[in-house]
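Following this message is one structure expressed as structure tokens.
Labels run A, B, C and D following the written order; every chain starts at residue 1.
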Amino acid sequence: MNTFADQLLVLVFLLNFMVLGSSRIGIAIRVVAVQGMVLGLIPSLIHQVSPHLLLISVGMVGVKGFLIPALLNRAVRTVGIKREETPFLGYVPIMLVGAVATALAFLFADKLPLAPQHKDLLFVPAAIATLMTGFLLLVSRKKAISQVTGYLILENGIFIFGLLLTEAMPVMVEAGALLDLLVGIFVMGIIINQISQEFSSIDTSRLTSLKE
Amino acid sequence: MHTAVNTLIHLLLTLLLPPLLLGVINRTKAFFAGRTGAPLLQPYHDMLRLWRKGSVFSSTTTWLFRAGPLVTLAATLAAALLMPLGNQPAPLAFTGDMILFAYLFGLGRFFTVAAALDTGSSFEGMGGAREATFSCLAEPALFFSLVVLARVSSSLSLSGMLNDFPPAAWFGSGAALLLMAGALFIVLLAENCRIPFDDPNTHLELTMIHEVMVLDHSGPGLATVLYGASLKLFLLGALFVHITVPFRSGNVIIDWCAFVGAMVLLAVAIGTVESTMARLRLTRVPQLLVSASLLSAFAMLLVLRQSP
Amino acid sequence: MISPILLTVTGILLAASAGIPLLVAGNPAKGQKIAATLHVLAATAGVSGALAALARKEVETWSIDWGIPFGPAEIGVDPLSALFLLPIFTISACCAVYAVGYWPAEQNPESAPKLTLFLAVLTASLVTIVIARHAVLFLAAWEVMTVSCYFAMTVGGRRKEVRDAGTLYLVVGHLGVLALFAFFSLLKGATSSWLLPGAGALPATSPAATAIFIAALAGFGIKSGIVPLHIWLPSAHANAPSHVSAIMSGVLIKMGIYGMVRAVSLFTDIPFWWGVVLLAAGIVSGLVGVVFAIGQHDIKRLLAYHSIENIGIILMGLGVSLMGSSRGMPALALLGTAGALLHTLNHATFKSLLFFGAGSVIHACGTREIDRMGGLLRRMPLTAAFFLTGAVAICGLPPLNGFVSEWLIYLGLFRGIIDADTFNDPYFALAAPALALIGGLALACFVKVFGIAFLGTPRSDRSAESHEAGPAMLAPMGVLAAVCAGIGLFPQAVAPLLETVVRSLDPGLAATGTTLAGHASLGMVSVVSLVLLLLVGATTLLYRHRLARSPVGVAQTWGCGYLAPTARMQYTASSFAATLVGLFSGLLRPHTKTPLIQGHFPKQVSFRSHVPEALLEGFYLPLFGLLNNRLSLVRRLQHGRLHLYILYIVVTLIALLAWSHFRIRS
Amino acid sequence: MIALLIALPLLGALAAWLTPDNRRRPLVLPVVGGVHLLLTLALLAETPPPALGGWIILDPLGKLVLLEVSILFFCCAIYSVGYLAYRRERSNRVLCMGLPLCLGAMSLACVSQHLGLLWVAIESTTLAMAPLIYFNRNARSIEATWKYMLICSIGIAMALLGLYFLAYATVVARQEPTLLLAPLLAQARGLSPAWLNGAFIFLLVGFGTKIGLAPLHTWKPDAYGEAPGLVGALLAGGLVNCGFLGICRIYQICLAAGTTTFFRDALTLLGFLSMGFAAVFVLRQADFKRLLAYSSVEHVGFMAIGFGLGRGAIPGTVFHLLTNGLTKGVLFLTAANIHRSYNSKRAERVRGVMDRLPWSGWLFMLALFAVTGSPPFATFLSEFMILSGLFADGREIAGVTVILLFAVIFTGMALTILPILTGRGGSDLDDSGYRDRLLTVAPPLALLLVTLLLGIWIPAPLREILDATAAMLGVGS
């Protein structure tokens, strides 16, 4: 484990804030793509290369960096929506909440009993912060596509935590990562396209005919 | 032997005395009205004459109409067998006979009212409704009194309650017994449809209770009805007299005479009430009955306070 | 000596098989007759089994090992079970026979098979309940009873009120079953066995015992229709086919009584307040029941309310017995229980008899409204005679059976009045007049029913051309009427049975040497009853002899000068009850619509008066409606907005984390 | 042989995919289901040895769930033939592929001893179900599918994180990192409590979302309401039990680690929440398929309470897994028949089912009694076992609360369903011409009969399985 990974994780933090603050869906998609690629690189950087890790990296970069963004962009094009409408709280408050969450993540991470080799690394705080960012997006954004981006960021958070286990049980990590990706593509992509055929705009706040 | 004679006297009195009470009452009322009044034995004459008359039945009536007076009379007679007279135990005395006594009157009431409804006349229906309503309101008063008696005499049969009814009780819990006696008197009047509940010789159907129920009876049937009614008056009167006049002399003869005398006095009392009071408005009747129940309930509580 | 259980089980099988013939038979009429025959055979087997059980000294039990994880089941016919078997078998057989005439299969090809089937199942389950000694078997039978009765009362009619009545019955019944779940679970906790313990096995002093008692009161009280748990009862009885009403009122609600008796018999040194509770519940049920009955003009609803009243009387008996045993007065225990049990039998007979009678009347007049009947005694003399018997019996009047049981309860009360330290527990003294009032009101009510429905002149065309019921309907009524008269005239005959049962329920009683004969001279009652009959006979002879010798004329009813009286001028049920309804209007809340008559030539107006289900319509429904509206606030949580659903997840997560954090801290 | 158990459905899916004929394709399902059931029974008869280095073991708990799933699927498969015969207009390829895939995943979940593998299996069921919920291809179903998908995917993610925590707990404790059940149970006491606790919570939330514990149940009414009846049956009877399988595995680890209190309390809390929610939403519920969904929420909560309060309630809860699943099958299948015939699942548009669909009507009526725990159905036994267990453990308050909630729920269900069944049909009601047919009535009937049979007689082998499962979950501990 080297500190270079930490620098990349700082980048992840920044990307979290960007996506929280951006109103343009296009940007959100791109940010998610970049974050995915960055995370995809980390494993092969921090460990000596093994087929497992290679598989993970290729998978992450390929799918999160290119495939999913492509799907999402297609959906955006078909529906022709550019921006998310303002979330409940508005962008600035959301970013502030995100900042608070990140701070809390750092505090919380210090409390946790980590393995010695993981002490004073950014992995755990980054994981928690990204997780929270994902949740913030999911809770605050209304359009289906933005929620997909939120979900992808949530996954990224979990993946960051998984990085702590890459040498402990690589198979588990890749299984997890890949299955999540499967969810990401296979279902979200397809359903998004279905929705875009059924409804004029992909606005899940419109999907409220089923209640009580 | 001794008991056999007493039973004989008991039966004779129950069969013969009742109409006399009516005579006494009418005589008293006549006295208050300043008239000479009919002879004391007039009721006997009336009943006998009715008994010999022919009868007319309404075309709507059925066997039940004819059965009504008979069952009523039979029930009252059966009740008479349970009623001790003149400090002598009743021919039939056993634990719990007072309940049977009360319920036999119930049976009589059932058939009287049924017979009334059988005529299909709205007047008799009205009378039946009133009879049923008022007497079921009088029921609690009667039973509260029975409770008091049972408690005071710690016995569960009429003979026990009334014959062993200790005159000392009047000193012990006179107030309570006075209340109870009052309640019983009200019950007596209500059950026998005397003033202030009902006027036996009014002829305005709308205001009558018992009389309007029996409007359609005639001849022997009517005779039965009248006799049954007088018998009922006699029995309830006897109950009342036993409590209010707990006169005990060792001598049987004197006791019997005292009893008859007390009954006559009671009849006079009723007559006095009838001639000094006016009939209540029907709507007030339930209130009077309920207050009778309250009186007796209060009496009960007073008696319960002193444990036996 | 032949085994009672064998006979009883034979009875169960025969009764259960009675549902089949009509389903398979090509000829419906024959199928129905076969079903009835099977029921009668079942009754013969079952009744003989019950009598055998009452005759023998030791109780026989069978253990059945079945494949469920609650231990082997056990069935047994002890005196109590035997006593309840008698009405179950008799009444169900009567119902089956009655059905042949009342619900003929060839006229109801669609519903009759189902009805017969469910009656058969109902009978079998009823019998199973009273012989079950195992919680699960009991509950299973209990639920089968509830559900099969639901179907029996609903398959007949598809009208809305029938369905609503059924739904109400089913829902309330299920609540009762749930209470029984608690009852048996608690019992298991106390005995650590799923088998019902023997009499007096548990001390009633523990809080657990109190919980068991309350659970039993709720569960069995709902079934037996104690006020205020009775809300299901009137509409259910009123809307079921009459013979189903008969079995419901005669037997089904008695299962609640059976359960209650069984439940309290499990305990020793019972606290005094249990008895007080039962006595109070009895008084309230009795009064409320009869008062509501007076207000009814639907003959079956009226009878249903009288079931509530009689359940109240039975409970009073039980209360007296509990109070007695807890105060160490065995006489009270004996008289109370004996009275309650005898009244259970009696009510089973005369109430079924009355429902049969009501059924024939409805069959004949095509209405349940008393005010549209009238003059039926001329057209259906036998039905009228039987109904009259039932009416006199249910009013508790001598010389019929109703009197005997009420008399025993009275004796218990009075015994308590003179024995007990009454000022500290004045309950007996207050209960006796209350019972008297109930009796008086019942009398008023049944004079009304009989007088308005059977006497006077027909109040509608249908009742004018009504017809006497067929033999299949008359025979059961005759049997039941005979039973009423028999028990009423010779009560000493049933005394030994009662004594056996009571002793089996209260083992301590035998030691005290208290006997029924010692405290209640039933012999004298029967003497007086016979004397009464004798007097009636004598007076009748005298009267006939007199009539024969004097002219007899027939004329119109005296109309006080009015010469053309019509049927509509007769006193109606409503007007008959008007005064009493007015007295109790605070409780009954009658809906009356009094028209305003004005002018010299007033227009035609109509007067309406109706007594609603005050407790249901005035209390329960509004309450539930209110709660439901409050709950709709919670319903908003399922608003369909996805991102908020996700918020729920986040909140749950964080809440759990925080909770665990603090849990670990402390 | 176990491999076959999982491979067979996949082959079936392949076959379904290859079959071109929309009419003949559904026939694949009963074949798969039948063979699968036979295999299951064979496996129950004699237990195979562990495979794949202990990753694959068929333990009693797995046996129980496997049996339930297999029976349910077989009935649903037969039903689907009759059902799809009515839906000719619509391609059933996805359905015929998804069902076997789901069966395969569920079988895998039953036999996997490695938590990671279990997780993969359970989540594949989630994925396989998504397109089936979307079978009707209309706006409502897409909405339902979308909600189901997003919420369950978040659940997936949470569960994954939970597993990571669990693994990390081993790392922190300097132990051989593993997610195999046996070693975990062996070394559970040494694991780092903080991470273990976190793992429990995240796994609970993850699987809780899956089985639909309130307030994580929000997707349930939508999905159950919009999915075809047989899919609903599999969701309520199959997937829920797989989710509980996951919960039970965590429960085992808790027991081994000796830190059950918090997990139990959390389960109990969520359980009561779920029953409460169900009670509220069942009242005045006009849509009878959503009604069934809430009934499922109720029973999930009930079982959660059973596990949470533990001890005496465990055997009943284990049994309830089986009985509840089967009963749900009857309810959803018959509900689907009614829905099909009336083209509506709103109470106000459906009346007189007893006349139009006598078989479905009676089945639905009896299933209503069964699901509300009326004797002599097996659900009564299980519910009564749980309740009496609660009382026996001195949890009177919990027991009474549960009873009250049952009362409310029965009232709500009866008030909605009885009018539907016994009401009088009218000309104003829609009629699709659908009537009861052997293939659409026999399966629910069979399921009901099984429930009834289990209510009066439980075969000895099954009892052994139940007892062994209860023992695994520390009955009496």
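Operating definition for what follows: a contact is a pair of C-beta atoms (placed from the backbone, for glycine too) under 8 Å apart; a residue touches a chain by one contact, two chains touch by 3 or more.
In this text, all values refer to a predicted model and were calculated from it rather than measured experimentally.
Engineer: Note down the smallest number of touching-chain steps it takes to go from subunit B to subunit D.
Structural biologist: The fewest touching-chain steps linking subunit B to subunit D number 2.
Engineer: More contacting C-beta pairs: C-D or A-C?
Structural biologist: C-D
Engineer: Hey, how far is the Cα centre of subunit A from the one of subunit C, in Å?
Structural biologist: 70
Engineer: Cα centroid separation between subunit C and subunit D, in whole Å?
Structural biologist: From the centre of subunit C to the centre of subunit D is 43 Å.
Engineer: I'd like the Å distance between the centres of subunit A and subunit D, where a centre is the mean of that chain's Cα atoms.
Structural biologist: 31
Engineer: Report the inter-centroid distance (CA atoms only) between subunit A and subunit B in whole Å.
Structural biologist: Subunit A and subunit B have C-alpha centres separated by 100 Å.
Engineer: Which residues belonging to subunit A are in contact with no fewer than two other chains?
Structural biologist: 138, 147, 204, 207, 209-210, 212
Engineer: So which bits of subunit D are touching at least two other chains?
Structural biologist: In subunit D, residues 146-147, 150, 154, 194, 221-222, 281 touch at least two other chains, as defined above.
Engineer: Do you know which subunit B residues sit against two or more other chains?
Structural biologist: Answer for subunit B, listing residues that touch two or more other chains: there are none.
Engineer: Determine which chains touch and list them pairwise.
Structural biologist: All touching pairs, sorted by chain label, are A-C, A-D, B-C, C-D.
Engineer: What part of subunit A is in contact with subunit C in the complex they form?
Structural biologist: Of all residues in subunit A, those touching subunit C are 135, 138-142, 147, 204-205, 207-212.
Engineer: Under the stated contact criterion, what part of subunit C meets subunit B in this complex?
Structural biologist: My answer: residues 374-375, 377-378, 388, 392, 395-398, 403, 407, 410-411, 414-415, 417-418, 421-423, 426, 429, 432-437, 439-441, 443-444, 446-448, 450-452, 455-457, 519-521, 524-525, 527-528, 531-532, 535-536, 538-540, 543, 546-547, 550-560, 565, 567, 569-571, 575-580, 583.
Engineer: Given the complex with subunit D, which residues does subunit C contribute to the contact?
Structural biologist: Spelled out, the residues of subunit C in touch with subunit D are 66-70, 136, 139-140, 142-144, 147, 154, 158, 163, 166-167, 170-171, 174-175, 177-179, 181-182, 184-186, 188-189, 211, 628, 631-632, 634-635, 637-638, 640, 642, 645-646, 648-649, 651-653, 656-657, 659-660, 663-664.
Engineer: Which bits of subunit D are touching subunit C when the two form their complex?
Structural biologist: Counting only subunit D, the residues touching subunit C are 146-147, 150-151, 154-155, 158, 193-194, 197-198, 201-202, 204-205, 208-209, 215-216, 218-219, 221-222, 261-262, 265-266, 270, 277, 280-281, 283-284, 315, 319, 369, 372, 374-376, 380-381, 384-385, 387-388, 390-392, 394, 396, 399-400, 403, 406-407, 410-411, 414-415, 418-419, 422-424, 455-460, 463, 466.
Engineer: Mind listing the subunit D positions that touch subunit A in their complex?
Structural biologist: Residue list for subunit D touching subunit A: 116, 119-120, 123-124, 127, 130, 134, 138-140, 142-147, 149-150, 153-154, 156-157, 160-161, 163-164, 167-168, 170-172, 177-179, 192, 194-195, 221-222, 225-226, 281, 285, 290.
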